[in-house]
Structures are given as C-alpha cells and as structure tokens.
Amino acid sequence: MAILINKKTRVLIQGITGRAGSFQTQVMKAYGTHIVCGVTPGKGGQAVNGIPVYDLVTEAVSEHKVDAAISFVPASFAKDAALEIIAERIPLLVLTTEGIPDQDVVMILDQAKIMGIRVLGPDTPGMISPGKSKLGVHPHTLFKEGAVGIVSKSGSLSYEVGRVMTAKGIGQSSVVGIGGGPIWGLSQEAVLALFEKDPETKAVVLLGEVGGTLEYDAACFIEQNMKKPVIALIVGRMAPKGAQMGHAGAIIEGEEETAASKIEALRKAGALIAKNSLEIPNLIRKIGV
Amino acid sequence: MRLLEYQGKQLMANRGIVIPSGSMITSLQDLDGLEYPLFLKAQVPVGKRGKAGAIRTVSDVSEAVVVAEELFRITVGGYPVCALLAEEPVGIQQELYLAVLIDKKINRPLVMASQAGGMDIEAVAKKSPEKFFKQYFGLHTGIQDFQLRYLAKSLDLEKPAPFFNLVKQLITLAREVDATLLEINPLAITSKGLVALDAKVILDDKAAYRQRELFQQIMEEQQRIDKREKSEAAQMAEAANIQYIPLDGDIGIIADGAGTGMLTLDMVIDAGGRAANFCEMGGQANAEYMEKAMAAILANPQVKALVVSLIGGLTRMDEMAEGIVNYIKKTTESVPMVVRMCGTKADVGISLLEKAGIKTFADLNQAIQEIIAKSREVSNGNSD
Amino acid sequence: MRLLEYQGKQLMANRGIVIPSGSMITSLQDLDGLEYPLFLKAQVPVGKRGKAGAIRTVSDVSEAVVVAEELFRITVGGYPVCALLAEEPVGIQQELYLAVLIDKKINRPLVMASQAGGMDIEAVAKKSPEKFFKQYFGLHTGIQDFQLRYLAKSLDLEKPAPFFNLVKQLITLAREVDATLLEINPLAITSKGLVALDAKVILDDKAAYRQRELFQQIMEEQQRIDKREKSEAAQMAEAANIQYIPLDGDIGIIADGAGTGMLTLDMVIDAGGRAANFCEMGGQANAEYMEKAMAAILANPQVKALVVSLIGGLTRMDEMAEGIVNYIKKTTESVPMVVRMCGTKADVGISLLEKAGIKTFADLNQAIQEIIAKSREVSNGNSD
Amino acid sequence: MAILINKKTRVLIQGITGRAGSFQTQVMKAYGTHIVCGVTPGKGGQAVNGIPVYDLVTEAVSEHKVDAAISFVPASFAKDAALEIIAERIPLLVLTTEGIPDQDVVMILDQAKIMGIRVLGPDTPGMISPGKSKLGVHPHTLFKEGAVGIVSKSGSLSYEVGRVMTAKGIGQSSVVGIGGGPIWGLSQEAVLALFEKDPETKAVVLLGEVGGTLEYDAACFIEQNMKKPVIALIVGRMAPKGAQMGHAGAIIEGEEETAASKIEALRKAGALIAKNSLEIPNLIRKIGV
C-alpha cells in the first residue's frame, strides 16, 4: 500500500473542465487513477474524458462515493471550492492552486482541521505512487515503482530527484509535494510520519529549500521518531538574502532560514545530506536500500 | 508588498488610528512653513533606518535644509532616499510594540505585543522571547475580550480601553486589506492616548486581484518615489510579471519551477560558473510566458550564455519549446544556450527544439557542464 | 419581540433590501393623495392575516375608505387593527420563500428557501418538507458561495446574483440586530429584481441590553399603535419586567421557577381549581421583585386566593419572605394566601412568614389543596 | 462514581466575587465540592471563602489543576467568560447564567464543540451528586444519596421532584439541570446516556416541559438505547398556546410542542409517565428500584 492513496481511491476532480483540470484528468485516468466524477459550477451535465461533471460537490457525492479530491480551481475561487469539499467531509483534498491569498489558506486549513480533513498544499503537484495511483500533476514517466519515499516542498525538484533515481534504477514508493508555502496543510513532518509507518517505504528523501523554518520541525521529527534512513537535499544554498526565490516561502529573512543552517540541523538529526540531485542515488545505494 | 512608512500610516489613519501629524518632503522647498522642531524620516522600504542615520531630528528650517540635502544624497539598503516624512514630535510616556500577523508555523493569525517598543525588535525577540505576549485568534471570530484583558495585563496598561480598540482596529484592517503584517513599533503612550510612531505594513501579493485599487495606488506612489536604476531586463521581467533576481555573473538561468531553479543556481555555482540571475516561471507558464522570460533574461548585456532548466509537471514542454523557438525566430542576436527538458510532453518539445537546432539534455548536470564550457569559450573568445 | 410588518420591512430597507413603496394609514385622511390601486394590510403582530381578511386590495380612494373603516373595526388574533400599511402592487413573476433563523435542535443558524412562497408556509413545511432547501452556516464565517450556488440551483433561479446578495444582507442584518427570525414570504421575483412583499422579524429579547435604541424605538411605535386594553395587573407586571400570563380563573399563582410554576398551574387545575394567571420570577429574583410580583398579581380583581410556590436554588427564601412581608405590611386589602417554601435559606424565610402570620407548607400539593379550599370558601362566601 | 463530577473534581468558579457567585461558592464549599480557585477580572489577588481569585482564567489554571468550571457571570459578559474557559480546555463548563442572547450561546457552543468541551446550560442550576459533590445551586438539603438519576430542563422542578423523592426515602445518584433553553449544550439525551452507563444509577427521572422538540430526541434515545427504567414528567399541560411560560423555550408554537404530544411520545418509547411530582415516588417504588 502506498501512503494516502491507492488504486482503489475514488477521486473527484474540482475544476475538471478548465485547461489544467481537463488535461490532468486525462493523464491521471490514463495512469490508472480511479476518477469517478468532476465538478465545475455551471458545467453540470457535461462529461470530460467520460467522467461526469456536476455543478456542485454535494450533487457529485450523492451520486458517487468519493475518497479524495484534487482541485485545479483558480486562486480567486479556490477558497470557496475547498470549503465545499470540506463541507462534504471528503477526507483528503489536494490543492494544486498557486497564489491563494494567505487569509484564504488560513480559513481553508482552519475549517479542514475542525472537520478532520487532510489538505495537501496549496501550490502542490500532489502525489504519485508509481505504478499504483496518481493524485497530482507529476510527469509519471520520470518515476518508477520502488521503496524510497520522497517528500518535497517543490514539485519540480521532486520530478528532478525522481528522474535521477529512476535513471539509476531506484524506484519510489510515493512522491508527495507539500506545496510552495508559505502556509501548508500537511507538513513535511506529517508526511515523514506516514512514510515511517508505510511498510513499502525503506528510506525517505526530504527535499527542502531556503526560507521559513519548516525543516527544523522535520529535523526534530527525524531525530525523535524516524527509524528509516532519511536523505535530505536543501536547495537555495546560493540564494541571496532577502530575495524571494519563486515560492512565496522561499525567502531568507533570518539566519535560521538559510540553507546552510537547515542542512546543519538535518545533519545533526541524523539525515544524510545530498549537495544536489545527482548525489541522492549514491547515498541511497550507500545505505543499502 | 511592503509599504513605505507614510503609506502604512495613512492606511491606519484612515481607520481611525492616531498617527503624528506630518507632511511629505520631496524637495527642499517643502521644508518651508513647517513648525519646528520635527523629525525627518527617509521613506525607504527597509528596516533599521534609525541605525542607518535615516531618521533625524531638526530644530529649525535651516538645519532641516542641511539634513534633508544630506539624506537626499544617501542610499539606505540599496534605496536612494527620494522622499522624507516630516513629523511633529510627540510627548512620549512609554513605548510599546504591537503587531498583527500570521504565524505561518501553525497557520493562525495572532496579535503580538511587548513593552520593549522602539528597540531593535528582532534582537529582543531572539534574546528575550518572554517579553513578547501573544494571542492567537480566528480570522472570522476576531479577538475575544479575555485575550485583550490578557494583553493589557501583560503590558501593565493603566488605560486598557484605547488599547483594546486599537488592537481590534488593526485586526479589522489586516482582514480588509489582506495584510500579512501590521506592525506599530514604537506605539507611543502619550497624554493624548496611543499614537503610532512608525508603521510597517506588508500586504499579501497573492491578494492583489481583490485589492486592485489599493495595490495600484501604493505601487504608483512607490514608483514615483523610487529612483533606483532598474536594468532593462528587470523592467521587462516586471512588466511580464516574471520572478527575476539579478546576480553578478554571466550565465543566464531560466527555470520552470522554484525548486529546480534553485538547484540549477546551486549547481551552476558549484561547478564554477557565475550566475547572471535567478528566474522562475511557476507551474502554469505557457509559450508566451516562456518567450517573454527569454527576452527579459537576454536583455541583460552581462549574459554570455543561457541555461533553460525545464522539467514539466503542470508546465507542458511542447508549449515551452514553442516559446523558445518563437523567441529565437524573432531575434537576430544570440548567445550560446542549452535546454534541459523532460517531463510532460517532453518528446514533442524536444523534437521542436531539435528542428530549430537547439541542443537539449535530459540530465541537468550535463546541461550545466555544457553551458559552463560554452560560457568559458565565449569569455576566452572575447579576451582573445 | 415580534416586529410589525412595516417595522420589519423598514429594518430590511435600511440595509438595502427592496420593499414595495408604501405608507402608514392610521386615519382615513391618510388615504387621500395616494396612487391607486393598492393593498391595505392590517399591522398586527400575528400570522395568516390574509386568511383573516386583514389584507385587502382597493382600486380607488372611495373603496379604500370603506375597506379601511371596516378593518379599523375588526380584531385579528386579539389585536384591534389600528394601523394599515398601504402598499403599491408589484408585478410578480414568481413568489419565493426565504428565511434566516437559528435551528435550535443543533444550535446552528441557517438559511431556508423554497419556491413555495406566498403559501401557508407552516402547512407546506409539514406536508412537503422536501420543498424547503436549507443551508447551515457559522455565525462568524457567514454563508459560503457554494452554499448560495446550491440554493440558487435548488430554486432554479435564472439570475442568482441578486439572490446571493439578498441572502448575505439578511445574514448580516440578523447578526447586527440579534434577530432570531428574518422571514420574507413571499419574496417576489419582479422585472425590477427581488422585492420583499412581507417581512416577519423576531428579535432576541435577551439581546435587548445591547440593542437598546432599536428595541426602544420598536416598542414605542408598537405601544402607540396597540390599542388592546391591558389590565392593571398586566401593566404592572410589564413595568416590573415580570413574566405574567393572564388566565380566566380566580386563583393567583406566583412561582420562583418556570418548571415549578407550570407544575403548580397543572396541579391547581387538576385539583379542580381555576388559575387566574401564570407568573414566574426567574432564578435571580430578590425581595423587591417578589413584592412587585405580589402587587401585580393581586391587582387583578378576579384573584380570590393566592398560592406562592417557592423552592429556592439561586433564589433565597429569606429574601422572598422579606418581599412577601413587605407587600403585606403596605397593603390593607387581602385575599387568602398560602406559601409553599423550601430550599435555600428556607428556615429563615419560614420563620419570617410565620411571624407575619402567613401559613407555609413544604409540600406543594398540600399548599394547593389548602388554597383551593380557601378559594371555594371565598366563592361560597360571596355567593352567600 | 457519579456522572460528570465526583469528590475529586477540581472546580474553578467564574464570577466568584459577585452576589450569586460568592454565596454559592460558600454553599458548595460547605457541601464538600473541591473548589480550587476563582476568577473575576479586576479582582485578582483577593480571596473568597479562602479561595484565591485571579483576573484571568489562564492565570488560575497556571496555578491550579482544574477539571470543571461553573460560571456565575452576568449575561452581558457571559460569552467572553465562557470562551475564556473553553480556550483553556477546561473539560466541563456549567453555565448558570440566564438571559444570554441566542447568538452568543451559538458561538459558545460552536467553539466548545470544536475544542471538545462539555457545556451544561445556559440557564442551568448545574448538578448535584448528593453526598458527593455539587457543581450548581441546588438546595442540597432537599436531596439525599441514592440510585435514581434526575435530568431536568427546569431547576426548580428538579428540586421539587428531589424533595418528594427524599421525603419518601428515595435517594438520587445525580441530579442534572440542562437549562431553560431555547439552546442547550448537553442535551437530555446526552445526560440519559451518561446515566445509562453509570453503575450507581438504577432508574432515571426525566423532567421536561412544553415548547421545543427536545423531548422527542430523548424519547427516541430511550426507545433505542435505554435499558434502565425511565419515569417522565412533562409540565405545562395546562399552558395556553403561544404564551411563553417562563423559559425562553417554553412556548407552544405547534402541535408537537404540547405536553400531551410529548407525553404520548415518551409513553410509546417505554417511559412511565407521572402526572405530577407526587406520583414519581410511587412509580419508582412500583418498578422496584
């Protein structure tokens, strides 16, 4: 079993008729994801790739059992759409949307917490469990089934690391993007905990970056709770202070937010440190996974 | 977006928060007819202006002219001083610190207050975190009276009512303008009540779509005052809404993701290259966006070679290739360039690029090695 | 507190909700100079006015005078009609039902809407609950767009935007004025948009302390219009803010709790007595309050005997006894009276009463048997 | 063990310096309730009956372990006071205050639900477990230790029923007032469930009244879940329609809100029906408790 999703996970696509939504629906469906329905207000009654579309989530869930949802809704409607998923108590929401205002993210996560819903993201590529299921936008040809979990802030970095691992014959159990921040639903720490419990995962790659202090919680969790080996790569070592490196959260505002400082904390916590993506397969080989 | 002090204060004053009376000085003539003594405060969007000598007291107009002339000549944190806020002094009994912000670790808004107002607040926060009193609140529910009572007691306030009112005003303001930080430091207790002596306001850029008028007004004002020289590349990137951070090397970088963008930067420098910039397009870039990124990065005359680092998830490689090819078709000048391309629709993209004679790599390291070699060739060629 | 139709409409109109243009008619002169045809609607705080013939159409001023004269003569639900709302007819395309209220079963506010507007809504709700669409919301968070989309789709609305706006206005209004019910039935869809043809508004009496101005204004207006004859007892109880419900018997009842008050009433009637009233003082009554309750209940000339049913938890029996004794000292007239007293400080209270010559019981049934016997003695005495 | 409270329950009194608060503190303390602290803003540092008073709940709980709180705070400050208790996660709050606006009660109960706090009330006399502990304003001389639980909307009615039972030698396990309504925290149903599980309780007396529909949920619960016998008394049989009989909730607005209709539902659910308080001891004797 992969973490969070498996082949049987029944998926609802929010924003299914949009540019990204319709394309990714096609890709996920081809990969084997069990997509049961989609929602776009005003487009109820249509079909996308044979998937029935509803105006409202409540209509969709009255017709279909749904275990997880993935949202491709634009930022200005993302809060409403997310609250709609949460109101129907769909237990897992993947929020791919980039650029949702902080206040809206706070409200979404607050309500999700109250209702006991897991939110991955926002600004996340979602997740893939190679060979099993995909609830996200990962380019699946770069991944292969295996025993190493990946958790990443950045989508593109997880693709790159998946690619170099796959090229060296090292497969992945699940690859999870937590999102670009600065505010997250599921944390690195929460995903690490899932990997620690997952019998298919033998080692975990943690991909972090400059900015924020999330990686310190991860380091603390690794030190206290992880028995499985962790390989960590923190990018942005060469980032200048005060510049925002793409992600809203990737901006060095204090000494502890630098890559060097985070790398040191992770090293102390027992993680193996990779300088770049290339070194990761070697480190995995070295620990015999 | 960080507001200038006077902009932040104006935003607060509009909601009934008391600020010292003041006026904007953009030329020496503006110093006539004011009541002295007063403060002259450089309007630059950076902290620690006091330490940088950018906040000064003047006792009459002749001193003001001397000081203003001096300030107009200096640069603070990279910003030439082009505007001053002239402010009346206020009879201060005590200085507090007060801020409303979002704690990103636990996704909750909070009020932070301290008696250590007016100090180098980051240093105090690091050394004596116990001097800061925090109360978390719900964005919808706002702060409760018992929380205000806690803060008032912690700050040992004699008259809590105006403080309660101020905190509520700040919370409402933060909500209404999508502020991620509203900081008043120092907040002065005076005989006439509470006065915001400084204001640090950061608005959430992601909320620009629903705060259009406010953002536009603030940006126009800032652009009018901001006399920093901006490169053509920076201007083009800004116009196209592209993340662009200029660096001082000669290898241009374009990436389609923040993570691989930073990895590319790290690896270029690790390999002995010198990066000319950081540029990242975000997950939903299309052909037009790619073309504009090419144009902006290559507008920097320092760029002698270009590495385009693409690995598509949401971004489609066919569209990226189209953008690159479109740019190349339209331009005559060129620098050596490599493209690393893989991921979504990479097969289509690679064949498009190859048809246009552009070399592609699947491996990022190979692409970087190649472009560093090429940049050296160019440098050597130039120095020959 | 239930508002009259025109008061509810005014409250809504003040927040931008559209109502038909209308004017108040309190005398026949007011009917001159109006544009006809129009509706004349009796302003009484009860439902089903249409069925009671209290809402009428008139086509010209002479018909209006006849109808108004007739209406001013009738009584609706115990209320003499003293004011009419004259309202212009509105071109109705469809009639909806819309309400904002609190669902007391699950402690949550909700919006209820239906296409079955204009009907006897309680009957529809009972017979066809599926015709009512509900959306619960948080008092702080308000309603979300997806919930409005659900309602608009359920009601099959062609133009949802004005409906969204109206629902949000009602929710804000409910919150601001502490309304426990805001009902618009029917809500008309017209060529000019949504129009509230009726308004039923109930404000939370418990919020009177923070809605002072609003409550005062509404009550003053209602008192001006309300021409019901009120007994001296009812007026005294109202002035002292005492729960008083007149009944048609001869045994006065005062209780210090709602539950034992109702039990006392049930037991008096079960035992063959006829209750003159229900009166309950609440858990925090003191001596003064008790004294005023005595005065009010005994102001009813029908009362031939009085049972005071006290069992103290929060209410202190010493204070209650003090109130009873104070009343008796000041008055000359008297009726037979028994006091059942036990609970908090009952020993002190009982000895106070016994000193004053008032008989007390611990057992409620004994007290009731005794007072019924006494009331019969009085009746028999009178009939002798 | 009694339900909700026992001798060891450590109690905080909110509004301890007020008229009702100080008097009831004295009474409860004399009865043996383990009162550890009190709170009244602005009165911090004082003592009431030897109980230390604090300005803030957070100060009180930093000095004392607290298991339950009882509030005597006036209606206009009751919401803030209740939210202060909830914020400190004190697991049980007894809200004696009468006249709290509905909106405030909704907010209190909403927040309590989110934080997992039990609220009894508002407008409740609280509860007493005769001979053990008391978290309320019940006149304890009317009660005695025994095996019959009482749950009541009305405080005064529960005193009356306790009195007639005690007079006949029938003691009570716990006597719980849920409050006058129209909005409640703990429902009749929830208290019935606690009695059903309580080994010391052999039978339960349910005291209801006209108005609202709460008793139907109780009837449903009795039918489906109660093995212990239930004796029910619904007062207000003689109440006229449309008149508010004291409690905000005690107003007959429809046929189902009448006493007769509720009595019928409870009878069908298997409860024994008492016509008045006097009949209750006889019914208890009849079922052999």
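To keep things simple, chains are lettered A, B, C and D as they appear, and every chain counts its residues starting from 1.
Definition applied: a contact is a pair of C-beta atoms (placed from the backbone, for glycine too) under 8 Å apart; a residue touches a chain by one contact, two chains touch by 3 or more.
The structure presented is a predicted model; accordingly, all values stated were derived computationally and were not measured.
Considering only mean CA positions as chain centres, point out the chain farthest from subunit D.
So the farthest one, by centre of C-alpha atoms, is B.
Could you grab the centroid distance between subunit A and subunit C? Build each centroid from C-alpha atoms only and quote it in angstrom.
Here subunit A and subunit C have centroids separated by 56 Å.
Round to the nearest whole Å and give the separation of the Cα centres of subunit B and subunit C.
59
With chain centres taken as the means of their Cα atoms, state the distance from subunit C to subunit D in Å.
27
Do you know which subunit C residues sit against two or more other chains?
138, 140-141
What parts of subunit D, by residue number, touch at least two of the other chains?
Answer for subunit D, listing residues that touch two or more other chains: 107.
Is the chain-to-chain touch network here best called a line, a ring, a star, complete, or other?
Shape = other; not a path, cycle, star or full graph.
With touch defined as at the top, which chains are paired up in contact here?
A-B, A-C, B-C, B-D, C-D
Looking at the complex, which residues from subunit C come into contact with subunit B?
Subunit C residues touching subunit B: 138, 140-142.
Within the complex, which stretch of subunit B touches subunit A?
102, 104-105, 107-109, 122, 138-140, 175, 178, 180, 204-207, 209-210, 243, 245, 247, 255-263, 265-267, 269-270, 275, 278, 280, 282-284, 311-314, 316, 342-344, 346, 362-365
Once bound in the complex, which stretches of subunit D touch subunit B?
41, 55-58, 77, 80-81, 83-84, 87, 107, 111
In the complex, go through subunit C and note every residue touching subunit A.
Per the touch definition, subunit C meets subunit A at residues 141, 144-147, 149-150, 153.
Quick one: in the complex, what on subunit A touches subunit B?
Going through subunit A, the ones touching subunit B are 20, 23-24, 27, 75-76, 96, 98-103, 105-107, 109-110, 123, 125, 136-139, 141-142, 152-160, 163-164, 167, 180-184, 207, 209-210, 212-214, 217, 235-240, 243-250, 254, 275-278.
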